[in-house]
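Pasting the structures here.
Two complexes, one shared chain (subunit A), two partners (subunit B, subunit C).
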Partner chain A sequence: MDPDENRAQPSIRDSYLGRSRSEAHQTAPGVIASLIGPAAFIYVAFTLYPVLRTVWNSLHTVRAGGLTDWVGIGNYSEVLTHDPFFWNAVGNTVIFTVVSTVLDVAGGLLLALCLFAKIPFARLLRVVWFTPVLISYVVVGIIWAWVFDYDWGPLNMVLRGFGLDALTRSWLGDPRWALWAVMAAHVWKWLGFNMIIFLAALYALPGEVLGAAELDYCGWFAKTIYVIVPMLRPTIANLLALSFIGKMMVFDLIWIMTRGGPLWSTETVSTYVYKRAFDWNSFSLGYPSAIAVVWCVIILAFVVAMNLLLRRSKPLEF
Partner chain B sequence: MSFEIRKYAFGRMPRYVGSPDGGGVHLLAAVGGPRFRARRLPLMIFVLLYTILAGGPLVWVAMMSIRTTPEILDNPYALPSIIHWEKFASAWIDSNYGTYFWNSIMAVAGAVCLLTMIGAMAAHCLARYRFRGAGLVRFAILSGMVLPPQLLILSLFQILIGYGLYNSLTGLILVYVSSQLGMTLYILEGFFAQIPQDLFDAARMDGYGDMDIFLRITIPVGLPAIITTMMLNLVILWNEFLFAVVLLTDDDKRTLPLGTMHFIGGHQLDIGMVATGLMIAIVPVLLLYAFFSETMIRGMTAGALR
Partner chain C sequence: MKSHILSSAFATVFLVAVGLLPGSPAHADVTISVWSHEADQPAKVAFRELAARSVERAHPGTHVKITWYELSAMNAALRTALPAGQGPDVFYLEPDQTDYITSGYILPLDNLINWNEIQSWARGPRVEGKTWMMPQEAYTVELYYNKAVLQKLGFTLPSNAQFTQNQFLALVRKCRAAGITPIAEGVGDRPFPGAYLVGESLLHKLGLGDYGRLLHGQISFHDSRVMAVMNWVKQLVDAGAYPKNFMTLKLGESHSYFYQKPGALMFPVGSWFIGRAFAPASQGGMPAGFPLGIMQYPAIDKAACNECKTIGIGASFAINAATKHRDLAAAFLNTMSTPEMGQRWINTVYEQSAVRTGDVPFTGPYASYFAELQERQKGEKYFLGLPVVDTEDQCRDAWAQVMNAAFPGGLVTADRAATLMDEACYRRSH
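What follows is the complex of A and B.
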């Protein structure tokens, strides 16, 4: 059904009376202004103006006391050519985003398939598995910092229990492992979200197709790979896009668990922006603004590309 | 739909297919029959392990929250022997958690009320009236959903100082409203646009004014969508960290996520009390979830499910 079907359109009665919808309503501009006004005001004052101000800042050096010096694209050329910390942060963010997106979507699909297989207590498990989505990053970060604790964290305890003492380490203190540890916590929080969406999509699949596959002696594995997954392709694509965009902005969990350390091994673009703006002594909002603008342009380009890609692939879907 | 699938899995299966136990070659029969089958064992083990992984950390923290730090250091995984409820009172009073809690309540309640009113009005306007610039307004507000918060936060810090709203809950509430406005409008407008136009025409014939129509038709009919967005905003804002950490500095203005971070900064080794603080932050959400789990699941996934 076209969701716009019921939008205000000239009705049959109106066309019979020979008047357009707006005449039929005789809507005073005041009514529209008072309905949309508050939202427009909030948007202009707290979204549009800050965005423009950030862009303006990015072209200046903003010093304490509100003094500004025009530097043109100086901040941008420094970000793009002279800042190894920025490129390190980009690298970490890309690794984080790609790996955790794939894990999140694949894991969510796996969990949804488990529940779809009519296991006992499926309804209860669905509610339990979704719980981490509701927990704040602060709480998730602190809990997982404990899970990864060297001395008494459950992960190392389990490893020691299996006699794998060689594998135990201070997960968040080791530059080679910290990023993966934070990623695990992030995936843990969001798996349930993807699971719910996949489950809804699974229940919306045409039962006849699944039944036909069974009549053709299709095994459960073959059926999952060749029947269910292809039919879920639009959902998979949407979730990949959604998750990818969300993870490119990752800040909270990393800031809480590692603050970008150790040795910049978990520094992402967002934490770097925050550090340059509020943590380093060289207080200038200009340079971090330039980084934020660059990153925003990349994200928006990605959103547009995803939209075009998804729209184009739609006619090919089942 | 699930009935359909079940029918094919158990009902319509031809007699001659497979072995007497149902064959074990059918996905739903193999892993989902009403009776236990050996084939399902690996699946059930996986399900059990994941349930422990998903719920275990929360149960662990809940247990630590009613044990003292010396007890935890003695054995981090033991069940509580004596239940120390007094730790909650101590966190609430001595560690300022009471203040953090009320600040969170004020910020979230204020922002959710404002968002619901402003968002519903704007959504009603965009769904029901055609006017010049409607497309631009919709595009502008919805584009707020994909802006990285870092882009806003840098100058919001400056701007709120200019507005005289820096380091105040009022400023934080207004920023929260703007940050969630796009998603709220997206969900509400989608729902409001599906309310049959005939309902509005009939109301108009009965002499309803524009405000009557909004208050007495759109709001009651759109209530499920409004509750959905309220749940979504409630959870997201209760957990919000980045805006609060930049825009609030006074200890007596901190919200719960900030208060928790502040507390752990000073009491890193007092694991028991930190766990108590974590429970204070998550219990309200978990209580709500226990009673309204389906509504909350629908709310959290509403943006992605449309």
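What follows is the complex of A and C.
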């Protein structure tokens, strides 16, 4: 039988139903809609609509009785030119993001390399280092608030134990240290996540390349710097981007530990938006929506810039 | 198949008929929804549930369902539910939340509540000449102290229970020199306690009118009278008036800090303090036999009103403007406002009530405390509302960050604090 002829023949059931084989293999639009529909509905209801509504709110103010007034770019103008608290929050967020991201990713890579090198108790350490990732922000905040407590926190107690009383601080109560203290808690929580990703990437590296480096009498340090890290570049880029985006939106830990204080030294854009939206005596969401839109645009711009910066023109060859 | 269809049809008709029958339970039952805060205070829970059951008995077919929220979660839920035309029939509010009034989300209560049963000064806030919230809890800002420690330091409380500025500063210095923390206070989880001393001192200096103008941005914080008070408070701060962990000590921890861990001389706090203090010691309450006393805030030199004191309305309730059960909602509020319920509030919650309770003498194990409190309130003139309640928006945030935390915490000078407050409050009004 001619194979082409065979492909053109409908099945017995399709023949009974009066359909050609090509018609029988086409998925009905209704089926497609019913499969995609729920996910599409959830996306529209919980992602697309809130985003569009936020943009709409940012162009209005809300008066008594839910009445809205069009203000155009008035809210944006206020945010960008007349709000020093917004720019203070931006500064804090940028510092938090950059420093935490670098520590997170570099620290995760270091831990992964330790496990990859099969240090003693590697299996136990993998569990220990990953466990903080599983803990909620509320618990992390409570734990670290206790760690940083002036009177009975372990950090100050250790310092006093070593006779370093002069170094004790009210870590969360001092504007010079509060942001760094919160960063330490945040990095502690997320190191394990980056470690696991890097570990998976390390085990996926081609063994023959690493073997060749060893044959060339390449020491561990040189092998790491000149062979392993370049091959991990896509993973590093992805983790940097993910970490960056997550930290630019940091809210939970700040809110639990300091609520933006002391003296706005830990105020981030997210906590500032929350305060403007829910803590101030106003039902108008126009201004906080404008802040949210501005920040979203800034985050997108940073992500695009980062992708351009980290993109290689030539792929790695091995 | 046929019998299945017939039986289904019969069942459907039967259910519809039941639903349409006049007086059937499904048609007459009404549920009043109430959102309340303070689920962690069993006495208040019992009080409001008692009121709910009373309404149900008085109005057969009515159910009162109280949902208990943590405060900020409830506020966030209200801010999303009310603009959507939903939300409970009755909900907890605090007097500073006037945006619910200006946004039209609550009903005026002038004709719905029996105001004869409510203290006249508690009937606030009034907006457009109307009353919008029913006050339940009242408190004054007091200065509690440990009588034994005061005696140990060699000080005697004056007959009017009020030290002068110089005496108070000397007391703080001597207390710190003796290794005792003069003032137990912490701002780790609240936006108001650190500002009690400076706030009451400013109230004394400026008097009722100008203190209000200061909080509403009509007087600069660099006013000479304000700076005089702030410079004096700075002396107290520099003398070690507050604990070293002032910035992170939580309100609940400050209670036990005052009693015995490690113990302090004074504890500035609202009179709602006894809601925690009179709980069993095993639940964080005051140890039995603790020598608790109440003194007045210090008399300020050349003050306009050293007999002034801040009074506040705490828990209040409002009726949703979109409610379909206005009268039942009002009945719930009125049930909580009878003199008997006011007396029950005092005797079980151990806090002052906004309800008139008549001249019933205080009884029970804490009668002497209430008698002393009453004594300290004789002749006082009251300023209604804490600064953190009376201020708005950026000014409120600045008060919480600066006057409540950074200034008493020793992080900023008096001049810098005044500058920050003016930037947030004074210049925004001019």
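Everything below uses one rule, namely that the second predicted complex is superposed on the first by the 275 of 318 C-alpha atoms of A that agree within 3 Å, B and C clash if a C-alpha of one lies under 4 Å from a C-alpha of the other, contacts with A are read in each partner's own complex, and residues count from 1 in each chain.
Just so it is clear, contacts are C-beta pairs under 8 Å (C-beta built on N, C-alpha and C of every residue); 3 or more make two chains touch, one makes a residue touch a chain.
Since this is a predicted model, take the numbers as computed values, not measurements.
Peer 1: Kindly classify A:225 by the partners it touches after superposition: subunit B alone (first), subunit C alone (second), both, or neither?
Peer 2: Neither: A:225 stays clear of subunit B and subunit C.
Peer 1: Of the two partner chains, subunit B (first) and subunit C (second), which one does A:73 touch, if any: first, second, both, or neither?
Peer 2: In the superposition, A:73 touches no partner, neither subunit B nor subunit C.
Peer 1: Tell me which partner touches more residues of subunit A in the superposed arrangement, subunit B or subunit C.
Peer 2: B
Peer 1: Does subunit B (first) or subunit C (second) touch A:148, or do both, or does neither?
Peer 2: Only subunit C is touched by A:148; subunit B is not.
Peer 1: Touching A:278, do we find subunit B (first), subunit C (second), both, or neither?
Peer 2: Once the two structures are laid over each other on A, A:278 reaches both partners.
Peer 1: Where does A:308 make contact in the superposed view: on subunit B (first), on subunit C (second), on both, or on neither?
Peer 2: Touch status of A:308: no partner.
Peer 1: Looking at the overlay, what does A:164 touch: subunit B (first), subunit C (second), both, or neither?
Peer 2: It touches nothing on subunit B or subunit C.
Peer 1: A:264 in the overlay: touching subunit B, subunit C, both, or neither? Say first, second, both or neither.
Peer 2: second
Peer 1: So, does A:175 touch the first partner subunit B, the second partner subunit C, both, or neither?
Peer 2: second
Peer 1: Using the superposition on chain A as set up above, list the residues of subunit A that contact both subunit B and subunit C.
Peer 2: In the superposed arrangement, which is not itself an observed complex, subunit A uses residues 62, 66, 277-278 for both subunit B and subunit C.
Peer 1: Using the touch rule from the top, collect the residues of subunit A that touch subunit B in their complex.
Peer 2: Touch list, subunit A to subunit B: 3-9, 11, 13, 21-22, 25, 27-29, 31-32, 34-36, 38-40, 42-43, 45-51, 53-54, 57, 62, 66, 111, 114, 117-119, 125-139, 142-144, 146-147, 152, 154, 157, 188, 191-193, 196-197, 200, 203-205, 207-208, 210-211, 214-215, 217-220, 223-224, 238-239, 242, 245, 248-249, 251-252, 255-256, 269-270, 273-274, 277-278, 285, 288-289, 292-293, 295-296, 299-300, 303.
Peer 1: Touching residues of subunit A toward subunit C in the complex: what are they?
Peer 2: Subunit A reaches subunit C through residues 62, 64-66, 85, 145, 148-151, 170, 172-175, 261-264, 275, 277-283.
Peer 1: Spell out the residues on subunit B that touch subunit A in their complex, using ranges where they run on.
Peer 2: Contacts found on subunit B: 1-2, 4-9, 12-14, 17, 25-33, 40, 43-44, 46-47, 50-51, 53-58, 60-61, 73, 76-77, 117-119, 121-122, 124-131, 137, 140-141, 144, 146-159, 174-175, 177-178, 181, 185, 190, 193-198, 200-201, 204, 210-211, 214, 235, 238-242, 246, 256-257, 260-261, 264, 271, 274, 278, 281-282, 285-286, 289, 293, 296-297, 300-301, 304-305.
Peer 1: Which subunit C residues qualify as touching subunit A in the complex?
Peer 2: The contact residues of subunit C facing subunit A are 72, 75-76, 79, 83, 96-99, 102-105, 188, 243-248, 392-394, 396-397, 400-402, 405-406, 409, 411-412.
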